[in-house]
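For reference, the structure discussed in these notes is given below.
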Amino acid sequence: MRILIYNEGRDEKIKPEVLQVYPDGIGAILADIIRELPDYELLDILSMYDIEEKLTDEILEMTDVLLYWSHGGNKQFLDELAQRIQSHVLRGMGFVVLHSAIGCKAFKSLMGTTCSIHYRHDDFERMTCCNPQHPIAAGLPLHIELEKEESYGEFIDVPKPDDILYLGWFDSGEVCRSVMTWNRGYGKVVFLQPGHETNPSYHNPLIQQLIRNSCTWATRTFHLPNLPTDFHQDPSLQANL
Amino acid sequence: MRILIYNEGRDEKIKPEVLQVYPDGIGAILADIIRELPDYELLDILSMYDIEEKLTDEILEMTDVLLYWSHGGNKQFLDELAQRIQSHVLRGMGFVVLHSAIGCKAFKSLMGTTCSIHYRHDDFERMTCCNPQHPIAAGLPLHIELEKEESYGEFIDVPKPDDILYLGWFDSGEVCRSVMTWNRGYGKVVFLQPGHETNPSYHNPLIQQLIRNSCTWATRTFHLPNLPTDFHQDPSLQANL
Amino acid sequence: MRILIYNEGRDEKIKPEVLQVYPDGIGAILADIIRELPDYELLDILSMYDIEEKLTDEILEMTDVLLYWSHGGNKQFLDELAQRIQSHVLRGMGFVVLHSAIGCKAFKSLMGTTCSIHYRHDDFERMTCCNPQHPIAAGLPLHIELEKEESYGEFIDVPKPDDILYLGWFDSGEVCRSVMTWNRGYGKVVFLQPGHETNPSYHNPLIQQLIRNSCTWATRTFHLPNLPTDFHQDPSLQANL
Amino acid sequence: MRILIYNEGRDEKIKPEVLQVYPDGIGAILADIIRELPDYELLDILSMYDIEEKLTDEILEMTDVLLYWSHGGNKQFLDELAQRIQSHVLRGMGFVVLHSAIGCKAFKSLMGTTCSIHYRHDDFERMTCCNPQHPIAAGLPLHIELEKEESYGEFIDVPKPDDILYLGWFDSGEVCRSVMTWNRGYGKVVFLQPGHETNPSYHNPLIQQLIRNSCTWATRTFHLPNLPTDFHQDPSLQANL
């Protein structure tokens, strides 16, 4: 499984607290997490400062799963690059979308909705599994507790998920569908709500396992050579009948 | 809309607290609730003490929605009557299943699963809508708060619902899919988690509206004359081609 | 129900056969079809030749259902107008997408996929209902036969529909999910495969009923004043707890 | 993957044509098919003549996938054994249901519906994939053609599937959802329409691959020690909060 990490990298520069929680940045902790996957290859860790150069069709062709964290840079992300990601997902690349990356352009384009949420900082979160037989829940307990996390509250404006894995309960009274999956074209998409930049959720072994399970589930099983054209005639069928 | 109410009626006899909350019993408050539906007709209010005589095919043929509350009598309910209810749902009758009726035989037969839950008494519940455009949520707010309710905790062992309307957040840390819908055959099924016998949720105007909306959504739109036989030849098609 | 019709209008100009089947154009036959809805108001019939002027936010604010037929002009449709349609669907407007409008920009943006299909002209189509209890199938028979229609073949690259209503069987050996629905944001979307510009399907009373049922099902039940912003704090919750 | 095969075995005795197509019976060809699975173990091949003795809780505890073909004996199957199968599926056992086993009691109990279909003999079938990225479609082409097969026509009265893999097109004009999946409890269920006892579909390498893929997808990932009780208190949660 060849994994490409995108970590926006902006919060590490403008919020000193981030580096107290993740001394080498969020990209580095994500790299540590996937390193425990049995058949893993890390292609690269990209950030908003180098993607124009590095987020090429060539690297996405090689990518089985794009693991993606972003936040304040969502709006200024280049449309062309978001379309490139979308196109590779539709052709078979897995896409694991972390926390505030719910607002990134590529995810929003794949969903077709606003993906809007409301949030609240420094909530206690208790995740409860409502789909224990799904591969993404494999080996995970019924409950995962996070001492401090940013709550995302419903209505989260996404299309009906194919599966909901965990429901997030928050101390403040918020509740949300905290882990969701969708198929899009030939690719698979996972959204994982935990992962605020100043909360230590990515140090939690259960969240780490959740990320690995998500990568394993979403990994490419198809490699469409090109995006299908809108309308096309299919000569093969006529021949058979 | 012709509605038949089943209220088991056992808790009213063995738990004096029930009558403090619902002086005329749960059947009576349900009758009050549906009385505000514009085109309503109450066919009858049945209980475990008269259903062998009264839960006939004749009355179910006339029923558009069966509104059903049960609890401690779930296990001793006659198999034959549960199958009769199931059969009428499959032929088009709406079935609105309230609270502990999640464990009634007719619902379990329609689901095919154990419908098991775990519970906790005297929780504060805050329901949050995650499907605001669904007809069952029409006119209802994003949040409904219930001072005291029995929490049902996930994993609730039901098949993937067609729609999840509300997520229930409970003070204790529990969370559940609190309002869910399924189609089965030609009929529609709704499950509503609130309604513990000693909690006043059915006096809450928003829960009352939720029950009415559920009846309106689930109401019969089809009246299959008989349950279809397993395997049958279809002579009509041959004729057309 | 206030309905706005968009008929591209290009085929009527460049293919004389269209006017043999639909002498006043596809927009006019669609207007005839919805005229039989009990509470109908036709807001306007727009075409690619006047939408820059007429497809305004004002008219979409008033629209309960946008009934949309398009074809060869899909690619040159203005991005800004497609986004406007998408935004109004997400805020509650119904969107009924006919035949080759599967390739229109607004539908593709709402789906997030390529919506690609392959096609074949002059097929015999036999539609079979696989969801008879759905409101869109109300009053319609198990089978609808169309002497000549353009087949759309799978894999049709759309996200998993919330419901599939009819399966289309074609003489050539093609088969497709011929009627599908999705929720997006606060709006409802229906796709109906029949309706090739030189085939008389819109004269078929059953297809006419299918279009009316689709409008009735998709009609606006929500009117969100604005598109929700991506991330926002929700002060109301804190106050309640 | 430990697989248990149930082949009713009745048609082999009463219809000589079956043995012309499958000289050692349907159980034997199914055993041949799964023999090509990499990590396969065949536990046994049971029939209606020995299941009272052999379809024990012990063997089902060991079974990862139950591959099940049945037909004329569906109605006389013992209720107690059907419940035993259902219970093991709900506890995690995979269940691959072939052709006329759509009418077997265990499948019907898991679905909660009549599972009725109508049928037609000696149809040409052309299956088309509408879900190419699903693991059950892995390595399979867009189309699978079967010279002679029994058509099953919609409306097939099953609950909305989690996924539809293939649509079956039949020469006669019938069409159906030919491969479908559901989760039930902790187990996975697949239905495969091809496999009439006098048609050679199980000799077709693509159908063989479809059966193997179905077993791989449905295989047990969970082993619940007991069926959950209906209502239970959960002391663990209280302790955590």
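Order of writing sets the labels: A, B, C and D. Residues in every chain begin at 1.
Quick note on the criterion: a contact is a pair of C-beta atoms (placed from the backbone, for glycine too) under 8 Å apart; a residue touches a chain by one contact, two chains touch by 3 or more.
Everything numeric here is computed off the predicted structure, so don't read it as measured data.
Counting the residue numbers that touch the partner chain, chain A and chain C have more than half of them in common.
Of the chain pairs listed in A-B, B-D or A-D, the one whose interface repeats that of B-C (more than half of its contact pairs identical by residue number) is A-D.
If you average the Cα atoms of chain A and of chain C, the two centres end up 31 Å apart. Separation between the centroids of chain A and chain D, computed from CA atoms only, is 34 Å. Shared contact sites, meaning residues of chain C that touch two or more other chains, fall at 131-132, 153, 160, 162, 173-174, 183, 185, 237, 240-241. Contact residues of chain B toward chain C in the complex are 92, 126, 131-135, 138, 143, 145, 162, 183, 185-188, 221-222, 237, 240. On the chain A side of its complex with chain C, the touching residues are 74-75, 86, 90, 100, 103, 109-120, 153, 157, 159-160, 162, 172-174, 182-185, 227-234, 237-238, 240-241. Residues of chain D touching chain C in their complex: 126, 128-132, 142, 153-156, 160, 163-164, 167-170, 173-177.
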